[in-house]
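Can you read through this structure? Questions will come right after.
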Amino acid sequence: MAYTPEQAEILVQALPYIQRYFGKTIVIKYGGNAMVDDELRRSVTRDVVLLQFVGMRPLLVHGGGPEISEVMKRLGKEPTFVRGLRVTDAETMEIVEMVLAGKTNKGIVSLINRHGGKAVGLSGKDANLFVAEKAKGEVDLGFVGKVTKINPEILNALMADGYIPVISSVAIGAEGESYNINADHIAGELAAAIGAEKLILLTDVRGIYDDIKDESTLRSTLTVADAQGMIDSGKVESGMIPKVEAAITAVRGGVERAHVIDGTTKYSLLMEIFTDTGIGTMITG
Amino acid sequence: MAYTPEQAEILVQALPYIQRYFGKTIVIKYGGNAMVDDELRRSVTRDVVLLQFVGMRPLLVHGGGPEISEVMKRLGKEPTFVRGLRVTDAETMEIVEMVLAGKTNKGIVSLINRHGGKAVGLSGKDANLFVAEKAKGEVDLGFVGKVTKINPEILNALMADGYIPVISSVAIGAEGESYNINADHIAGELAAAIGAEKLILLTDVRGIYDDIKDESTLRSTLTVADAQGMIDSGKVESGMIPKVEAAITAVRGGVERAHVIDGTTKYSLLMEIFTDTGIGTMITG
Amino acid sequence: MAYTPEQAEILVQALPYIQRYFGKTIVIKYGGNAMVDDELRRSVTRDVVLLQFVGMRPLLVHGGGPEISEVMKRLGKEPTFVRGLRVTDAETMEIVEMVLAGKTNKGIVSLINRHGGKAVGLSGKDANLFVAEKAKGEVDLGFVGKVTKINPEILNALMADGYIPVISSVAIGAEGESYNINADHIAGELAAAIGAEKLILLTDVRGIYDDIKDESTLRSTLTVADAQGMIDSGKVESGMIPKVEAAITAVRGGVERAHVIDGTTKYSLLMEIFTDTGIGTMITG
Amino acid sequence: MAYTPEQAEILVQALPYIQRYFGKTIVIKYGGNAMVDDELRRSVTRDVVLLQFVGMRPLLVHGGGPEISEVMKRLGKEPTFVRGLRVTDAETMEIVEMVLAGKTNKGIVSLINRHGGKAVGLSGKDANLFVAEKAKGEVDLGFVGKVTKINPEILNALMADGYIPVISSVAIGAEGESYNINADHIAGELAAAIGAEKLILLTDVRGIYDDIKDESTLRSTLTVADAQGMIDSGKVESGMIPKVEAAITAVRGGVERAHVIDGTTKYSLLMEIFTDTGIGTMITG
Amino acid sequence: MAYTPEQAEILVQALPYIQRYFGKTIVIKYGGNAMVDDELRRSVTRDVVLLQFVGMRPLLVHGGGPEISEVMKRLGKEPTFVRGLRVTDAETMEIVEMVLAGKTNKGIVSLINRHGGKAVGLSGKDANLFVAEKAKGEVDLGFVGKVTKINPEILNALMADGYIPVISSVAIGAEGESYNINADHIAGELAAAIGAEKLILLTDVRGIYDDIKDESTLRSTLTVADAQGMIDSGKVESGMIPKVEAAITAVRGGVERAHVIDGTTKYSLLMEIFTDTGIGTMITG
Amino acid sequence: MAYTPEQAEILVQALPYIQRYFGKTIVIKYGGNAMVDDELRRSVTRDVVLLQFVGMRPLLVHGGGPEISEVMKRLGKEPTFVRGLRVTDAETMEIVEMVLAGKTNKGIVSLINRHGGKAVGLSGKDANLFVAEKAKGEVDLGFVGKVTKINPEILNALMADGYIPVISSVAIGAEGESYNINADHIAGELAAAIGAEKLILLTDVRGIYDDIKDESTLRSTLTVADAQGMIDSGKVESGMIPKVEAAITAVRGGVERAHVIDGTTKYSLLMEIFTDTGIGTMITG
């Protein structure tokens, strides 16, 4: 290809954003259709490599909903959910871990590396990254865990050497047992623990709405208090709740900005970062 | 516990071996019953942590035969083998990868970490560690690969920071496709590529026999030429062939000593390393 | 501003070029109208900052023709040239040095820094960067020098710390006297001495022509032998000769590619680097 | 040459002072006749190289009064001063910068390097070392600036690599405009900003006098309060005022000792440093 | 030799202790029969090498009682003691220093090095490690000193490079004179000054007894207050007093545990470290 | 004190020599009256500290003749020499080692440290610096050794941290036995092994003479061949032979210059180094 002057100008317009985020860690919660659709997958992973080459330190956290249910069904197990959380018996946990760490994770790693990046896939078990205990609640969900400690040294070591960590949402318990943890939640906690500059959550909608049915009610910015209020008042729909909670956790933990953006729009990650106004909804302190 | 003088003396007898292998890389092909039996699993992983703490740089490579077949059967697929090699269609490859990288690998990582080590699990896709192409042969085995390039930088980076790499035998192809590779073979090639001091292959028998039915014919040492001769003359039984080939590859690639030992004997790893005469069969140049 | 998807796509298309030149040194001979016209000056310096932020190591070498003559005239001295080379008596040399190192150099440094870069201006006297002796020839040109030694350590030290060196074409003699050196020539020699990946010479025409009056005869690539032949046969016009000689010097000294491009076209530097076909004329080995 | 025992003894007597200042930064305001007289110039620059080789970190700040006025006159501009400060219109500023950064600075650099030192010349524009705004006062002096920020990173980087920074008193404004700043003042501010051990101001008189006409009233030591009192009471003559102010600024900013010494006495720098009683006037907290 | 499984198991049981003390400094006061008996000398020094190879940072402090008296007698001087402290006139001090630094120290160094360690012998004069003044008391003991300053930088530098420091109990005074210092006391002070994890004092008895004549009154643990009480009440016999004082000094100075153990039992050092219950008497805060 | 200009000038004249030897290692064989006379001892050690502070890396090797014989006599042993070499039975060896490593060495260390240097005393046993075997010859001299291996790592480590090594001429044998080695010889071998710039041997005469009785026959320079010839022809007196041999060994081993100078002249070390013509006799290749 050959750049035209108009195209070169666009490149130049990225400079202030490249400077702003130079050397900064950006935690990306990767999920939704952006992780399912082949073209979006290729596009998002290439965008991540670009971020790394222009000096940022991107880091991906992913879950893997549909693939888990699909493998469960092939194995004759019916997925069950209570209030959006997967009931995870021992056999289910084994499937969750195999799919997340063995299939979804390595698929993302492989795509990043094909674009010339150097990705390394990890689960929360590697180097005891995520330590968890059984989540307590009214209903026993089995091996659904709550993270009690994050050991981020391995991430800093890998990023300092130019690697892009790709992390699946599995944690380790005190007895070596595996726990299924919410990928949104852990992305928020990790962003805080690692002192990230930004948390970006990829979803399948444009952002957070006052009224999900009315496109015009999209909120471009929210304070943490606003966001908590919208959860409390029930304005935030169920699937969006963990994402907003993760954003709140991150911002309360010192991350300056958390963003809920539409991962189904090509280049949404770049449009969020290389822009003043951003896209989607930004939650700040 | 409390050490008696007799016990302390045993500790002291380890000193020359600790000195000899200080800072040296030791590639361990982990497999067989030592990877299946719960007590042996605990024992071997603890021994690996011990090696790391007394100054060596251990590194594990594993396959995962029985677990793969078991999951395949649960998914209604019948495992097929041609001359000991698994016929690997696309669906089988997906299962192989899930089981190896998502289940077997993380299980080993988790055990090492419970003993106070810092293990990090990798597949050959991470940081493009193992690059492969389709293995050619008389029969089309599908996604069975032959490694064309090893990129060991990630291993050196992790070991320099005190991590123990645990690597599953999956490689990446030029188009991003996954390949099932023989764990024995890749252990041998990796030992050579990384300049290991030693390659140790854990098996379920005591070593290499002139006549497998006659215990008295165990060979304690073999030259590379001897070993190749035993393969050529059919003395080495089928399951042992890739192990002997791996030992030959390692030694020809500059590794001083390769060992085939009995992983079903508790402490066999330690008995091999902390000894002059060693156990099992040693292959040298 | 806000990026549209079309704009983001253009950014993404830069990725392969960013990867190719990551960590590589690019010597830019800055001159001609690109150094005179205010808008071009702003544009070129911002492009240089962009190159540095996406991982390259740009380094500028400049002369300063028109400004020198202007100050000379203000001081009542008439500039004299013999075959395109300035006759440089002691008083002229003093003016040359004041203008180059005190005015032109600091003006470039200041513009780069306003765009968020970290430029440091040097002359060949700083850290004995360029050591020269009197150039010999039929006519005595006074303090016109020929470089005998380049000491590039200061440049490597500055670039390793993220600074962009901006260097004026003045050298130091054995007795501490100053020498006026040709900026094109020294750019070529420096590119070779520092092991640059690329030398880019900014001029006021599109490149090298077989016939300067016929636009259609622009040569997009030339070998070193071609280029030397065009000088020998008189096809290269006088002002272009030192530029082609610099390109030849660089390529013979190990630089893979030297480029003569049109600095009066906005973004020409980016269009040269972020493209397969390039613009202007490329000289290779 | 050959040392006699008497000469060797003198060398040995320097040891305690070499030990005291080992690794310490010493800011030297270079000016007056020591910068004009050829023999003194050679002598001072060689002394600076000696300081660097015996383990200190010398750093020079210079202005350039006479040379600027001379070039202005050659260009047909009449220098104008208000209360000792140069009225600096745009054209004058251009001349100031050319002379300071292009002539005076490179002359000093060149002399240091001839003595085997590794000097690097900088102006306040390089790496945004000195950022200034327009100085406010009753009279509009044009581009006379007041420093608002010092960015000393480049100095630490250069000194750590064994370079001697030589800095001209020009600063950069928010819009990229140049400012003429008082070299005494900036030397004092820089000594404080960089945590120097000592500030030495070279002048043309022996030090500070109670009565400049009476040699016997030379003060060998002054407290900051004394010094301020002498300015307030008019005892300090006009040319000395900025020097005394610089000394006060430095000491208030944490520098232990500031010295006003006679740069016209050969070796005065060494006699100040390699001595208990010092020469000239010392200002302390 | 060849390890049996039973022996390997003993090795494995050391793992938790190896992990606990990894990278930690352990000060060992070496003395008593363990320093006289040839077999014990070989055994203790080899144990020290083992500690170093499994990741600890051992450091030895020694005195040299019997050897000093022996050389004194050969030189026709009668050793004199006042309350267990050697009366040290100038000639005696010279003998003390020769024996400690020239004979005892180098003997220990040589044994450690024969076992493959890298020992470096130091006295308190080297790098001004121990600075002392004359000890004051009712009786003038001559050159018996009290340490006023410890400069441990040399120890940290040596240990960081893998060397084992062996230090004799001689200190330097303000006028360069030598002082004989109590080896137990200085071991305690050094353990505190260097932030050791443990202080181990080798003696010729099993530990501290309530009644030295009644084996059953051996105390396995004591608090600092207990220990001080036992000194005050006269329960601690005279030879043991400086050892208990050293333990108290160390613990009060931040060392977690100090141990008085029986150096005449082979492997006692290992039995103390590689055990939960320890041997001898442990003093803690 | 206060420097006069005349004194400062002398300091300045040292600059070229300081530059020439900056960062270079200088091995000094310390002996003769310079090690006996109190004032000379203070003087030489202070000169060594000066060399270190002006950027050189001095390193001292010493023997200790008179002190050894004196202690032997006090112990009732009669020193015996065969062709200038001490007959060294086991008891004598013990005395040699005590005196050299425990008295002479620590005395030198202590003097250097009083002058503000950081000396560390070593014998050839420390870190296995000098490994030796029994010297063979017509007469059995007992524990007189010949060095077979030098392990200089400890010296480089200490000098890199700013320490001055002071080394006594004792070596270790394969069985841990001590050997008395010639201090001149080992100084020459060490200078070669460590890549020293210069070897300086302090003696009690002005240098090497064609005829020792005729002052006018002092040779200011000798080639290695000349020097060997003078030994062979018997011109070199017996006490000087090992010194000349050491110089030859050093120069043949790559040291550019070896010097035999008069240590009884105050400042002779400085007069040798800070001069073009040098003093005494210089041996070169």
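All chains are identified by letter, namely A, B, C, D, E and F, in their written order; residue positions are counted from 1 within each chain.
We adopt the following convention: contacts are C-beta pairs under 8 Å (C-beta built on N, C-alpha and C of every residue); 3 or more make two chains touch, one makes a residue touch a chain.
The structure displayed is predicted, hence computed values, not measured ones.
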For chain E, the least number of touch steps when starting out from chain C: 3
Greatest separation from chain C - chain, by CA centre: E
Cα-centroid distance, chain A relative to chain C, in whole angstrom: 46
Centre-to-centre distance between chain D and chain C (centres being mean Cα positions), rounded to whole Å: 35
Mean-CA-position distance for chain F and chain B (Å): 56
Per-residue overlap in chain B, given as positions that touch at least 2 other chains: none
Contact graph of the chains (line, ring, star, complete, other): ring
Cyclic chain order when read starting with chain A and heading to chain C: A, C, D, F, E, B
Complex contacts: residues of chain D adjacent to chain F: 1-5, 7-16, 18-19, 22, 46-47, 49-50, 53-55, 115-116, 265-267, 270-271, 274-279
In the complex, chain E residues that touch chain F: 71, 74-76, 94, 97-103, 105-106, 109-111, 113-114, 118-123, 125-128, 154, 157-158, 161, 163, 170, 172, 176, 178
